[in-house]
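As written, the chains take the letters A, B, C, D and E, and residue 1 is the first residue of each chain.
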Amino acid sequence: MGGSLNANHLSFLAHGALWTVGLSLIALIGGGLAGFVVALARISPVRAVRILAAGYVQLVQGTPLLVIMFLTFFGLPPLGITVSPLAAASVSLTIYVAAYLGEIWRGCIESVPRQQWEAAEGLALSRTQRMAKVILPQAIRIATPPTVGFMVQIIKNTSLASVVGFVELARAGQIINNALFEPFLIYVIVAVVYFALCYPISRLSRVLEAQRGRGRARLSVETA
Amino acid sequence: DQYDDIMKAKKIRISTDMAIPPSGMMDSSMKPTGSDVETAQLLAKDWGLEIEWVQTTGATRIPNLQTNKADVVISTLSVTPERAKVIDFTKAYASLQSVVGCLKSAQVKGWDDLKDKTIAVSRGTTQDTELSAMKDRALKLSRYDDDATMVTAAVSGQADCIATSATIVNQIGVKNPNRVFEPKVPIRNFDLAIGVRQGEPKLKEKLNEWITANLKNGKLNEIYKKFHGTELPAEMRS
Amino acid sequence: MQQNAASGAGSAVVSLREVHKSFGPLKVLDGVTFDVARGEVLTIIGRSGSGKSTALRCIDRFETIDAGQIEVCGHKVHDPGLDLRALRQDVGIVFQSYNLFPHLTIEENIVLAPSSVKRIPKAQARKEARAVLAQVGLEDKLHHYPEQLSGGQQQRAAIARSLAMRPKVMLFDEVTSALDPELTGEVLKVIEALAQDGMTMVMVTHEMGFARSIADRVVFMHRGKVHESGTATILTAPTTPELAQFIGTGL
Amino acid sequence: MRINLDFGAILERWPAFLSGAILTLELAVIATVFGTVIGVLGAIARRSDNPVATRVAALYVETIRNTPLLVQIFLVYFGLASLGVKFPAFTVAAAALTINVGAYTTEIIRAGFDAVPKGQLEAAEGLALSRWQIYWHVVMLPAIEKVYPALTSQFVLLMLASSVTSQISAEELTAVANYIQSDTYRAFETYILVAIAYVVLSLVMRAGFWALGLALFPRRRRLGTPL
Amino acid sequence: MQQNAASGAGSAVVSLREVHKSFGPLKVLDGVTFDVARGEVLTIIGRSGSGKSTALRCIDRFETIDAGQIEVCGHKVHDPGLDLRALRQDVGIVFQSYNLFPHLTIEENIVLAPSSVKRIPKAQARKEARAVLAQVGLEDKLHHYPEQLSGGQQQRAAIARSLAMRPKVMLFDEVTSALDPELTGEVLKVIEALAQDGMTMVMVTHEMGFARSIADRVVFMHRGKVHESGTATILTAPTTPELAQFIGTGL
């Protein structure tokens, strides 16, 4: 107990940060793919699919990620399914991210004006072609800020994987803090590392937005 | 049978929370250390086994055991009848001596002097349960998620007193020389035991034998003294 | 009220029979019946809000009808089991509000449907795009985005986009409303050329001059009904007082 | 495997659960209300012509969004106390959550502002409306209407994230659950109940947002477009 | 090229002097000069893309100009320090694409500016809203939302919204393009009544009939310049070949 921060602590934190990156990648790739399916299911022409997808989204969005992780990791073995911590974390993050991204993307797809759908329909484009060539390119522009906003939250939320035994960045910080009792120092270091992971993504979003934002509306009233 | 399985595998999976000093923590080279850690290492050595640490947080110690992700839990489990309905406990291998510690300068002699003081505890620990049960004493508790945060509360002045082990009370003065704490009011001692999944009588029996032997030969007392600064109660050592 | 019989339902490419359509309590189409023969140009005129756009949208199944029958190029449009894409390969529509795709250049707007629906090779589709754009006098705006075009330019680009699909029937909703006389004249030529190639066209317009010079037949809609119809001569010699009044105030 | 679920011991403690749930809801409501205010002002600052306002707003958004909520809460609670400024845990928790969600809301509402067509702004300017009148009458509602689902989700996320305030001794739902969990060692039962409680809370919040949406966007109500 | 002198710059309510404006490499206004006297109705005609809308937008400072001077009701529009809101209280503009506020009913659209800019009490503003709506024949759509209206109805609602501010100068950009002859006639009457009340109006139009019947003066724009201008008689007796060609192809 006690002592001061040394190189071992820092390498322990770095190791934790690697896990944070790994889990984030899993969450974003798995959740992104599944989220796309959820978004499409939410606007499916089949009523049953829409209702099912809506139920999924409501349920998952209402449950803390921690609980989802816990129930996947500890709740499945009694049912005869053994899961490794990595599998449990991957599955939970995918389930969770898919619900949110799916919902965000649905909103963006629906915000493309109805006339655009009609014009595409009038040209005899199939549903897939309408989606891919007319609606999605326009929806992506609207979707960039909320998607990035959520991605950044997910990077931080991977810390909940400590419940299934991962020692990622936040948990590594907690363990060191409990050895050193230096909360300010350690939590500021942890915050800086998170910032270093998240900020480039936020930046990227700005660049993308600026690129796509040709002819963007802007108030030009000069009076106050 | 769990015991046979362990012996066959030559490996024991032990679940210990590494973020609850001085029982489980990391040393300066980020190796597990602490009284529970050394107890586990002693057990493994005596039984000729290799240890596989199962990373756990406070909340997942028991589920790790129940879902067979760990063979035993050695992680400051204190025994209560409520908890004994869920897992089995061995006999006590150590005891938790806890106190209410306050500023050295504070005029605290007994429970009555704690009335309008904010007492920090670690949420869900036996100290928490014990003080929460003292409804008639009208204590002002504030609960933190772990010991480090509780200590921070005391160091920063968010709490006037803390209820924990004497070892941790002494930490505060080290962190902030302006706020030196000392033990003021003793709370009852709690037995700490090893947690075993229910329905494993052989494993429990073997562990009990091992604990009895090592209490007698003083090895468990030695570990305890090394990390907690005091000896185990005399009646345990005999 | 009078209603000229259509030129024989057999040869009709578009045929509406007693079509009814309401928006909530508002009855917009109240038993509309007319036919359009192959190669014929039909213009629909009528007051604002009389249901012209709605009738056009029903023909291309952008609105489902409450009662009646619509048949277009052999497709039963009123049938819930209709093959929508087949219908729309045969029918082109140009909307009142252009509806160009803002994220695509004019060329990409035009090439999109031929290359992805008809699977025409990109290079050829581009060549054809240039050709239809030339038809409407916009060849220099090939690589512009819709928002960089003036209103009239956008409207012509939308016409070009529909033409590129070479449909059998074209539906135009007030396509000349943003065009000046010179361009209107050009569009008129385009449409006449199309008619000569045997294309069937239905156009909603409020420009009587335009209707007069292009229409084989004129349908005057009033309160959701076909109130009067016939050759373009009805525009100079209306038989109902409503049409007389409608035209009378014109310029 | 031998896990016998027994909710009896947990359900006995329903008053604690209830008070935890109420505290969670209180935190969520406070942070939602003030977070929206911050979000609107922040978005206006982000889109303003004043470079100082733009910079300050950007700095706020980036700092808050890119660092963990726990650290923010921690610094406010213990940092201020170290300087001798002590606030109750609840006050700090509510304030930290508000500051946190305000940053996300700023970004979301700004995106909504951007989505208002240029022609709308020109029409409003042509009618001689002042900058603030344009914001209030022409930009605000359509913008918020466009991003309403995103806002709803963000505030539900905030409600779920409020669980970290247990770290600074706020006795919200997760804190209560952790206490009961370690007192009884019935982790499964506790987590299942907590999951249900959070789902119910989130449905309550969504219902609230839905009702508010009906009041805010009469056009949606009249034309029956789903929110 | 010829250019009739304006009716004395002193009495001019709107005056443009050698106005230049480019979009990137594209020169849209290339030295435009004209005046509009009080109570005068000026129509601007010209091919699509000739810069008509741009000229109108410059007058209300929706575009800043590169060179030249614009003065409107005493406001120096080219001056960077211009009081924009004062300018816009004096000038009303109706856009080619309506731009009604989609989240407000027609009544709310109209009441908004008078009540929040001019601080007219709500009740009175509502009464006046009803009056201007009646002027354009839309009194029954008071409580509808823009998307529930047909194109022509939306266009008239946009006119009513501008009228409600009782500006000194009105700018109209192709406001009759979605109107049928009957409604065009109605709008014509509205505009004539306004002219009689002394309102100054500038309208961009591509309907020659409309220009002929309403304009005191006509400006023909060609390649960013005022190519010919004069009374409405130039529409029947053009002096430049370009104007002759422009009108010639009309219907």
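Operating definition for what follows: a contact is a pair of C-beta atoms (placed from the backbone, for glycine too) under 8 Å apart; a residue touches a chain by one contact, two chains touch by 3 or more.
In UniProt terms, the chains line up like this: A = Amino acid ABC transporter permease; C, E = Phosphate ABC transporter ATP-binding protein; D = ABC transporter permease.
What you see is a predicted model, and the numbers here were worked out from it, not measured in a lab.
Chains touching both subunit B and subunit D (ABC transporter permease): A.
Of all chains, the one whose CA centroid is most distant from that of subunit C is B.
Interface comparison, A-C versus A-D: the higher count of C-beta contacts falls to A-D.
Computed centre separation for the pair subunit D (ABC transporter permease)/subunit E is 47 angstrom, with centres defined by C-alpha atoms. Averaged C-alpha coordinates put the centre of subunit A at 17 Å from the centre of subunit D (ABC transporter permease).
Here the spacing of subunit A and subunit B, counted between their Cα centres, is 37 Å.
Residues of subunit C in contact with two or more other chains: 97. Subunit B has residues 59-60, 63, 66-68, 149, 152, 155 in contact with two or more other chains. Among the residues of subunit A, those in touch with two or more other chains are 70, 74, 77-78, 183, 215, 221-223.
Those residues of subunit B that touch subunit D (ABC transporter permease) in the complex are listed here as 58-60, 62-63, 66-68, 80, 82-83, 85-87, 120, 123-125, 128-129, 142-145, 149, 152-153, 155-158, 197-199.
Those residues of subunit D (ABC transporter permease) that touch subunit E in the shared complex are 117, 119-120, 122-130, 133, 137-138, 141-142, 145, 217, 219, 222-223. On subunit A, the positions that touch subunit D (ABC transporter permease) within their shared complex are 58-59, 61-67, 70-71, 74-75, 77-78, 100, 103-104, 106-107, 111, 142, 145-146, 149, 152-153, 156, 159, 170, 183-184, 187-188, 190-191, 194-195, 198-199, 202, 213, 215-224. Across the interface of their complex, subunit C is touched by residues 23, 45-49, 53, 96-97, 150-153, 156, 174, 177-186, 188, 206-210, 212-213, 245-247, 249-251 of subunit E.
Residues of subunit D (ABC transporter permease) touching subunit A in their complex: 1, 3, 47, 49, 62-63, 65-71, 74-75, 78-79, 104, 107-108, 110-111, 113-118, 120-121, 125, 130-132, 134-135, 139, 146-147, 149-150, 153-154, 156-157, 160, 163, 174, 187-188, 191-192, 194-195, 198-203, 206.
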